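So that we are looking at the same thing, I have put the structure below in structure tokens.
Order as written gives the chain letters A, B, C, D, E and F; numbering starts at 1 within each chain.
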Amino acid sequence: MNNERYERGLEKLREVDGEMGDKVIEALDAISPDFGRLLIEFPFGDVYSRPQLSLKDRELVTIAALGAMGGCAPQLKVHVNGALNVGWTREEIVESFIQLAVYAGFPAALNALSGAKEVFDERDGND
Amino acid sequence: MNNERYERGLEKLREVDGEMGDKVIEALDAISPDFGRLLIEFPFGDVYSRPQLSLKDRELVTIAALGAMGGCAPQLKVHVNGALNVGWTREEIVESFIQLAVYAGFPAALNALSGAKEVFDERDGND
Amino acid sequence: MNNERYERGLEKLREVDGEMGDKVIEALDAISPDFGRLLIEFPFGDVYSRPQLSLKDRELVTIAALGAMGGCAPQLKVHVNGALNVGWTREEIVESFIQLAVYAGFPAALNALSGAKEVFDERDGND
Amino acid sequence: MNNERYERGLEKLREVDGEMGDKVIEALDAISPDFGRLLIEFPFGDVYSRPQLSLKDRELVTIAALGAMGGCAPQLKVHVNGALNVGWTREEIVESFIQLAVYAGFPAALNALSGAKEVFDERDGND
Amino acid sequence: MNNERYERGLEKLREVDGEMGDKVIEALDAISPDFGRLLIEFPFGDVYSRPQLSLKDRELVTIAALGAMGGCAPQLKVHVNGALNVGWTREEIVESFIQLAVYAGFPAALNALSGAKEVFDERDGND
Amino acid sequence: MNNERYERGLEKLREVDGEMGDKVIEALDAISPDFGRLLIEFPFGDVYSRPQLSLKDRELVTIAALGAMGGCAPQLKVHVNGALNVGWTREEIVESFIQLAVYAGFPAALNALSGAKEVFDERDGND
């Protein structure tokens, strides 16, 4: 039984992603409920819940990784929301993406900033 | 004249990377001194010196980005050193790379951890 | 003359991709008919038609590669269709993308699963 | 003061990208005016304005890099326009993307060609 | 308790990777024993042990993904060994990498073939 | 018969890569002579020999693509040599890689410059 990992993961997912986390899992229900369960158990139940790094720092790692890799616009938006949820300011998130211009190039930074803007606008009711 | 940007960048580079920063610039002297100057002026003089994100947070963004992208072993090692220099613990750096397994896959995490181990060993005099 | 490669490639393209293959070639006609010809001759005429690996295994290699690299949503969809055409089940295709979570990260797996779902829905007449 | 870099960069940006460059900067105003300034100063003020490579050759490097990396559709379109502005023909741009099939794979080439087609259609008033 | 996942994962790791799997875990002991445990539990205990795809097909997905992404030479070698262990022939592995030339480009194919050659030579005692 | 493509490709390969091209083909003989043949026939016989882009411009596209993608150090070195063989100066090649810093990030530029330096040193007899 991995009920414990699942429960811990679901709680952590909601702490980070709020209702967007539930939407990701719901969307997976239509294609692979198993993967929805794995997504809760491993990333959130196993990794995010480890005490060696704060949740706030984990979200910075996550948005930096997603922005640098590119090609993950939906996940980047979920985690820009997550970063705001765990205490990063809009200015700090924007600045993290400016920092990416150095390491991943200006297009990666521009695409990440564009995703951040969409999230900020949605939060402001401007979408 | 961009003396001011260069001076500010050189100071910031040394604050982050210590003597490894000087080595990167020296190595560039043999292939493109101009690029060495640009590297000091833009990333360090223009970006790292901006106050919107702490130097410590910038280094976390940097090692997360380098680890996620892969293929940047030398730069990853320079910035694992940098992350230690600005206050991250070995345990936190290791944990950041464990977090990458979720977003960039296990091979990216393994390669980043391998680079971190080399840096830790060098610092311990075990290289 | 490369009529032979072209004819062999066109037959193979249709065997794999069905009418979606024809659409790719038609779309190329508007920008580069030459590239449409090269696409038939080399990938399909030269590579896919080699006997060293079954067509079914080739399609698994292809969807794994496209899903892992990311950024190829249109091609991934063409080849999820191709994978179904040559005998893979929906469950096996989904499972291949779950396997990608380990090597390319969860976002790559999520994006590939999302592409697979679109193809399944189109096949079911739900688009 | 970096007025000089900014002025030189803005002029270069307009020489390359025409009014699309202004649109990129305007779009950045809504999310990070600072990044808009950095984008003018470093890429265009510092790099593009260096005499060691012609502007025409720089644009070829740029579209080849963007096409090979993938995931940069908006930037690729801006620079396909830029490449046309500085003297490359449509046929040469298409051929550069065909060349990418060898090094970055057929999907990267197809995506780049698709971006090029959109630009050509927009220029022809067919969008 | 996740003893069950760990035990199932260790068994699967050994089935796929033989003694090379043990070496990967040993190497991780020196930098992060926790990550060694996670590597056994999630990829091997959770994913590889799912019945929806055969172990043989999983290894084909894995070498295709690693070869296409590039930058994972050590992991690619482990899994070329794994692919041989679960029943793929050398010729089929080589052919899978030839197939990658179409989707990830010739350099990716060349690098994967180079890794395969090293594995074959090591198995033949020619290293 | 594809003798004609092979002959044309071999001639083009030698024109671009000189004896390094022969070494690439020789190395492939030990793992996959078929892939050596495909490498001559498609990239060099089919693509490089097309008249729509000059050989000199093709090499610029190639080194820009390889440098931007990263992870292709051996192929990058072959084509830095190729770029020199078809008429680019060392300064122009270096400048192309500086340009990559904007689009692919500073690490990609540093790695490409490092590969260029190795080629220049080998040509100078300093390796």
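Everything below uses one rule, namely that contacts are C-beta pairs under 8 Å (C-beta built on N, C-alpha and C of every residue); 3 or more make two chains touch, one makes a residue touch a chain.
Since this is a predicted model, take the numbers as computed values, not measurements.
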{"item": "Smallest count of steps, each to a touching chain, taking chain B to chain C", "value": "1"}
{"item": "Chain labels contacting chain B and also chain E", "value": "A, C, D, F"}
{"item": "Centroid-based (C-alpha) most distant chain relative to chain E", "value": "D"}
{"item": "Relative to chain C, chain with the most remote C-alpha centre", "value": "B"}
{"item": "Same or different residue numbers at the chain B/chain F copy interface, by half rule", "value": "different"}
{"item": "Gap in Å, rounded to a whole number, between the CA centres of chain F and chain E", "value": "30"}
{"item": "Gap in Å, rounded to a whole number, between the CA centres of chain F and chain A", "value": "39"}
{"item": "Residue list for chain A, restricted to those that touch at least two other chains", "value": "34, 38, 42-43, 47, 50, 66, 69-72, 75, 94, 98, 101-108"}
{"item": "Interface residues, chain F side, partner chain E - complex", "value": "24, 27-28, 30-32, 34-35, 38-39, 43, 66, 69-72, 74-75"}
{"item": "Residues of chain C that touch chain E when the two form their complex", "value": "42-43, 47-48, 50, 52-53, 57-58, 60-62, 64-69, 72, 75, 91-92, 94-96, 98-104"}
{"item": "Footprint of chain C on chain B - complex, ascending", "value": "101-108"}
{"item": "Chain A partner contacts - residues on chain C that touch it in the complex", "value": "70-71, 94, 98, 101, 105-111, 113-114, 116-117, 120"}
{"item": "Sites on chain F touched by chain C in the complex", "value": "2, 5, 34, 38, 41-42, 46-47, 50"}
